[in-house]
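First comes the structure, then the notes that go with it.
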Amino acid sequence: MIDSSSIKQLAGHPFDRRDFLKVLGWSGAAVALSGCGNTSIENGKETVVSYVEAADYVIPGVAVYYNSTCAQCDAGCNINGRVREGRVLKLEGNAASAINRGKMCGLGQAGVQHHYNPDRVREPLLRKGDKGETISWDKAYALIAEKLNGVSGEQVAFLSGAVSGHLKVLLGNYLESLGSKNLYVYEAVAPAVQRAANKKAYGTEMPRFNINKAKVVLSFGADFLGSWVSPVHFSQQYAQFRKGVDGQRGVLVQVESKMTLTGANADRWLVVRPGTEGILALGIINALGASGVTLSGDVAAAVQGYDKARVSNDTGVSVEHLDKLVALLKERTPSLVLAGSAAEGYAHGSQNAAAINLLNQVLGNVGKTIEASASVPFPQMIPAKGNTAALKTLNDDLAAGKYKVLFTYATNPVFTAPGSMKFKANLAKAGFKVAFAHYLDETALEADLVLPLDSALEDWGTQVPEYMAEGAQINIQQPLMEKLHANTQGMGDILLTLVKQREADKYKDFADYYGYLRGSLLTIKGALGSGGTDDDTFWDETLTSGIIKLAGSAEQLSGNASAAGLQLPAAAAADAQYSFHLIPSVTAYLRDGRHTNQPWLQESPDPLTTIVWDSWVEIHPKKAAELGIVEGDVLEVSSRTGSIRAQAYLFPGIHPDAISIPLGRGHEALGRYAKGYGVNPFQILDAVFDQETGELALHETRVKISKVGQRIIVVKDEGAAGGKPEQRRIALSKSTDQVKLSEEV
Amino acid sequence: MSKRHLLAMFSSFDEAELVVQELRNTSIKGFDVNDDLVVKSPIEHPEVEEFLGEKPVYVQWFTLFGALMGGLLGFFLISGAQANFFEQLKGGKPIVPFPPNFVLTYEMFILGGVYISVLGFLICAGLPAKRSPLYSSSVSEDKIAILVKSEAGATSTLRAIFTKHQALEIQEEAGK
Amino acid sequence: MSVSNLLENWSQFRHFHPVDDKPHDPYKWAMSIDIDACSGCNACSVACYAENNIPVVGKERFQHGQQMHWMRIERYWPDHDFDFPEQGAEFLPMMCQQCEAAPCETVCPVGATNHTADGLNSQIYNRCIGSRYCSANCPFKVRYFNWYDYPTDETVWPAEMNRQLNPDVSVRGKGVMEKCTFCVQRLRAAEVTAKGEGRIVREGEVQTACQQACPTSAISFGNLVDPESRVHKQWQAQQVEMNVDEQEKDKEPGGSHLRGYRILEELRPYPSVMYLERVRESAI
Amino acid sequence: MKDIREDIAWAKINRDVLVSLENPRKLYWVIVFGALSLFSVGLGCEIYQYQVGMGVANLNNPNVWGLYIATFIFWIGMSHSGTLLSAILHLMHADWRKPIYRFAEAMTTFSLMTAGLFVMVHIGRLWQFYYALPYPNDRGTWPNFQSPLLWDAMAIFTYLSSSVLFLYVGMIPDLAICRDNLHKGWRKKLYTLLALGWEGTDRQWRNFRVTYLTIACFLIPLAVSVHSIVASDFAMSQQPGWHVTSFPPYFVAGALYSGCAAIITLFIILRYVFRFEDYMTKSILKKTVRLTFAIAMVWTYLNAVEFAAVWYGHDMDAKAVLIQKATGPFAPFWWGMVFCGSVVPLMLAFKRFQTNIPVLFAVSLLLNLGMWLERWMIVAPTFSHGYYPWVWDNDQWPSLIQWGMVMGSFGWFTLLFMVFCKVFPSVSMYEVKEMVYHRSLHLKKNETAGQGAH
């Protein structure tokens, strides 16, 4: 298969300097050519690097660097892998990238632990009762063909995580060849409401947010430094924003019910009653109007009645703070208002987002700090964006027993589907389930056939980021080293093989996905602005830079958001039985939990609570005192859907009527570093959906809590002082009137 | 010319003192009271020194030498090692810092003093020694013994003196 | 170890470092960290794990306080009583401050931690016997001890995970102390390259792993004696002097408008890391 | 009440003491067995810790030193009373020390050896401990002479070897007695060898006297320096609660205190086990008790001085440590230390308790406990509440491994001590004879004077 073809390639083409990049990581160093059970002289060769006959690019003791693309989240950061003696050691940022400019977040850096993870699936596994039996790839493919035989396209579904580039093209082609339209692109924590609201307000789903150009950023729960859209990119903008233009430091105001990492960096953190973000936005518009900002007729009408007293009463934000905020927004322009998942996770989430976007309109930020993003001239490659509405449809179909064959890839719905959906039970109704997986996660465990994938560091691919930092770009993903396990395959190769089962003729020119990728990129060479260069040069340059910059045109940006149809419900009434709002928090490193088995991430303390390796329930200290709860008390958190138990952590950055549990932990599978650590709040989420987009309203679940009478030691980095400096000069702070930033280096 | 040993046991220091005084006052040929007389006692008894006359003790000179050499050796060994191994630079401190070196010099001063004192003791006290030809284990119990060494001719005189002072027991080296 | 060496070079041996010793030349590695830019995201810490072969100790050992993070992000709340942290939290990246007069160096019985010519506080793993006196005397508590034998521990670097280990950095066995090295392996490589070319390391030529990763570029690192270096300029602009226990600017009545400060400077360890104070908007 | 009966025959002294080498009470064997068991536990713990790593001791950052160092100081401290009894009282011509100084000196030696063990079990790489020794080597490396730990090593080496020499030199006349009185066998050979041919000649005694006095003179400043240096481990560091000028004298007082308490304990045990009632008399016990009381008060005073200095000083960090000692998680132990160290000894001020053996036994154990707690309270709170609040960690409780080794050290010490007392005369025979002799002379003189007056 892949190995043998690459060996042939090696044999046929003696190395030359030009070729080495091409072969790089493909056949790579002389490692991992033999599989298990090989008794020949090759035995153990995978752990030996020959310096006697070292490959051209293996210079003993010297690291070489190759560009690729980070696959840990969808932001599409361009990475630079450090390789020594055929091993990838460290992922660093590609300095030429407009997205991350040489920087990396921790999640991205942990990509090597995805690659080297000891719990990766190494062989195709076929279900035999409760166990998986190792089978060959040939058998696996034959089995798929057999199962698809006589099944109509309607009865086949493909559940995928967000996917873009050529993989998306191939995936689409494959489904087309099956006659199926059932592609469900599911991401548990994607900004789907945001996209819809942006489309409405600005005419584009994901415009560019220029935090660095804003003098004030007012963020309604958008954790742009942690987990929101493209955090590494926004972090750099944020640094510039803090330095400011002409030494006038940017001001960050964060409005949310539970402090996020971004909230922790705010100049003013305003705690609001959960779900009232939209009311606050309208109240600010109203106050701006009252202070002399011209409002168009429909806007003025929409905000009528949102006077300060009412808004303050509904949201819990004091009039004094409201006044200061309005004065600041009026005085310092341009500003930027962001709506994040915290504001959008309600049944009226779209309305909240619309109200917040309207504020941008009123402040005149559209076109200044919100700009049109560059469009990608190859629509077939733009990302298939994940959302949760897709899962709902799939779940309903599964419940109806509609599917005979179901493929899953890059998503773990058994873990991330809200408990109320009973997804696991419904999944069982699908006839034959094929999981393309790196690990035996909860979903793969339910599958009938598990096909092991190459890691992102040993696979080829192209990726198109959803959020374009500057100009449009296509990211190249290339192997940084030889495959670690002989019997894994790249997703592209698998899809190519599968599509060949249906339409062999069409794809006969492509021996493998690499060939497909190279061939298809070469065909659009002209469109990529490299029409003049020869194929090899183009290809080498592409692989060297890892980025194809596109001369695409900017999308249209409309600045005429209308306030029509803006209907915000009154602040939610207290629920007598389930008195707390549950805020399932999305943390920067664990997100929806797919990378929880990377030990660096498990042991990287949560920035706000410093807790590691476990889940916790954040509760406001005053509320905790009322209820007699102290740190480490195990709490039973029950919703109408279910209940989970976790340790209490007293956290001042949360609304007293809310509790928060981070997402991502509580795996029952996914390997030694994830299984059995913490609890999974997805399990107790109620089935409440955003009324406009049908997205799951993550923040709508109401819960009650009770102590179970057990107290444990909270495993955290913070010491007994609880993060108080105790009068010592350690972390010092000044206010802007005490400093002269413009004089600084 | 061979000398013969004679050992007499007494029950008290007073007796022994009288014997020694008499021996001192009596001139016996072939017997020198300063060289040929040894008093053995179960306890340390300053009067013995008095009635035997002041004899010099040199242990303290060993002590002085040992202490000084120990101190000097300590200081130079340590400073020399530090100077030679200056890669071991400690931020905020010179390569050869005084306070620590003085502490160690002090310890070496004492160490040298004690060791060489003990060495001096062994040398001055003649230890380890061969057992003398005549010894009674009652010395280690409660008796005072006077061991004399004399020409064969003086033995009887000495024996007479011992007997006169109620020697409990008199041992004589067997003749050759 | 000759006495003549002692006598001949006596004055050299009596120089106090760094106060009246010859200045670091040509290198004095130093850092400055802008905690107003720091978002507390932990990317630096993960980068440090990746670069320096730091073991992930696991939940139980972490509970016992045996975590090994050379670089830790501390999260502070205000000292006074408050209902909500309305000005956010305060994040502080803390790692070995590479003190010029390091309290840890003098107390090590075997001299396993020393001051290097380029201004680092070195740790020699092979020499360390694990008395832990250095950690006891470290005011910042940034030294980490290998309580277990992580290289042979199956939970830390099982098969395949061990292939990620950086060959440029020793993997430490049980019983030795370790700490942030300012990525000494990178510094040495750069110094040697520069020396081969007859020059000194240029600004920007070498980065520490944390600095390299930091998404907000809050960390500057460089050669403090190089007037071209950003660190030099920052220290100078902030009027932070190395060999003092109280900065002149702090003696001004009413304080200074400059943000640069060093932590626990009054203990006179002369830290090589300058922090820039966090700033919060006064208008809101 | 007399320190000793003047009419004890010298031969009886020999007999009584020599019999202790052969025929102790059954309790002796119980104690030896108990000690051996405890030591085995400690040894097992050390083997486990050596194999697995220091982590099993449940130490962490910042609590890098645990009971090991605390108990190390305890044992070093205990060693000081031997020197006090043998050297200081010798110089002061307090002859009541004579029946009890031998075992006190043995205690010095063995507690130093026990203390040394803690240095070993404490270090992370025991197999490399020789790096701390200054020996010439082809790499040209040396230990760091600036480290108080090295001073410690040097001071303890000096002290241990000097103490052993002092003990040995002082024992030579007794070894000769043993040589002369015991039957043939390995013991006879041993004593013959060790007695170096001592015969009690005037020349030997003369040099012996000067040497013994000289070493005594060295030992006193040495003992003071040793515990000052141990105090320097803390005082020379920069940590709040440790960086205290009064630490050296405070440590020395604590050392003498715990040593005296231990002497009372061992006094009572030996007196019973070896039937030394005639020599270790209640009168001597009373004097020891009074000495202990005086030292207890000195220690209490120095303790108060330390607290007051911190309290009225402007070092907020040191003050925070003190407050945390008194109110934090360590409070029970800290107050226990104050109770055992400063309140319990007040009982010793009452005459009726000064000779009450059961009471004294209990009190001496409490004093020892108090002094052990004191060492723990010096070490632990500073770690858990140092300069840097982020790493404050007050919950670090020593693991059973640590406790096992602390227990094991008591076993080891007791074992060594008990074996010593069985093999060597634990009462100095020749000096008791001197004591009896001088006292009877004195008595005679008084009688004569009394008769003259009539």
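Lettered A, B, C and D in written order, each chain numbered from 1.
The working rule: contacts are C-beta pairs under 8 Å (C-beta built on N, C-alpha and C of every residue); 3 or more make two chains touch, one makes a residue touch a chain.
If you're wondering where the values come from, they're calculated on a predicted model, not measured in any experiment.
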| item | value |
| --- | --- |
| Chain C and chain D, separation of their C-alpha mean positions in angstrom | 43 |
| Approximate Å spacing (C-alpha centroids) for the pair chain B, chain C | 62 |
| Whole-Å gap between the CA centroids of chain B and chain D | 30 |
| In chain A, residues with contacts to at least two other chains | 713, 718, 723-728, 730 |
| Set of chain B residues in contact with two or more other chains | 77, 81-82, 84-85, 88, 90, 93 |
| Touching two or more other chains - residue numbers and ranges from chain C | 1, 67, 72, 74, 76, 106, 111, 264 |
| Touch-based graph of the chains, sorted into line, ring, star, complete or other | other |
| Inter-chain touch pairs (all) | A-C, A-D, B-C, B-D, C-D |
| Residue ranges of chain A in contact with chain D within the complex | 713, 718-721, 723-728, 730 |
| Contacting residues of chain B [partner chain C, same complex] | 76-77, 79-96 |
| Residue ranges of chain D touching chain C (in the complex, touch as defined) | 52-55, 58-65, 122-126, 128-129, 131-132, 136, 141-144, 146-150, 153, 233, 236-239, 383, 386-388, 390-391, 393, 396 |
| Footprint of chain A on chain C - complex, ascending | 35-37, 39-43, 45-47, 49-51, 56-59, 62-63, 67, 69, 72-79, 82-92, 155, 158-161, 163-167, 209, 212-218, 230, 233-234, 237-238, 255, 257-259, 261, 263-264, 275-284 |
| Chain C partner contacts - residues on chain A that touch it in the complex | 61, 84-85, 87-93, 100, 102-106, 109-110, 112-113, 116-118, 225-226, 231-232, 235-236, 238-239, 242-243, 249, 251, 253-254, 259, 261-271, 321, 324-325, 327-328, 484, 588-589, 599-605, 607-608, 610, 612-614, 622, 652-653, 672, 677, 713, 715, 717-718, 722-741, 743-745 |
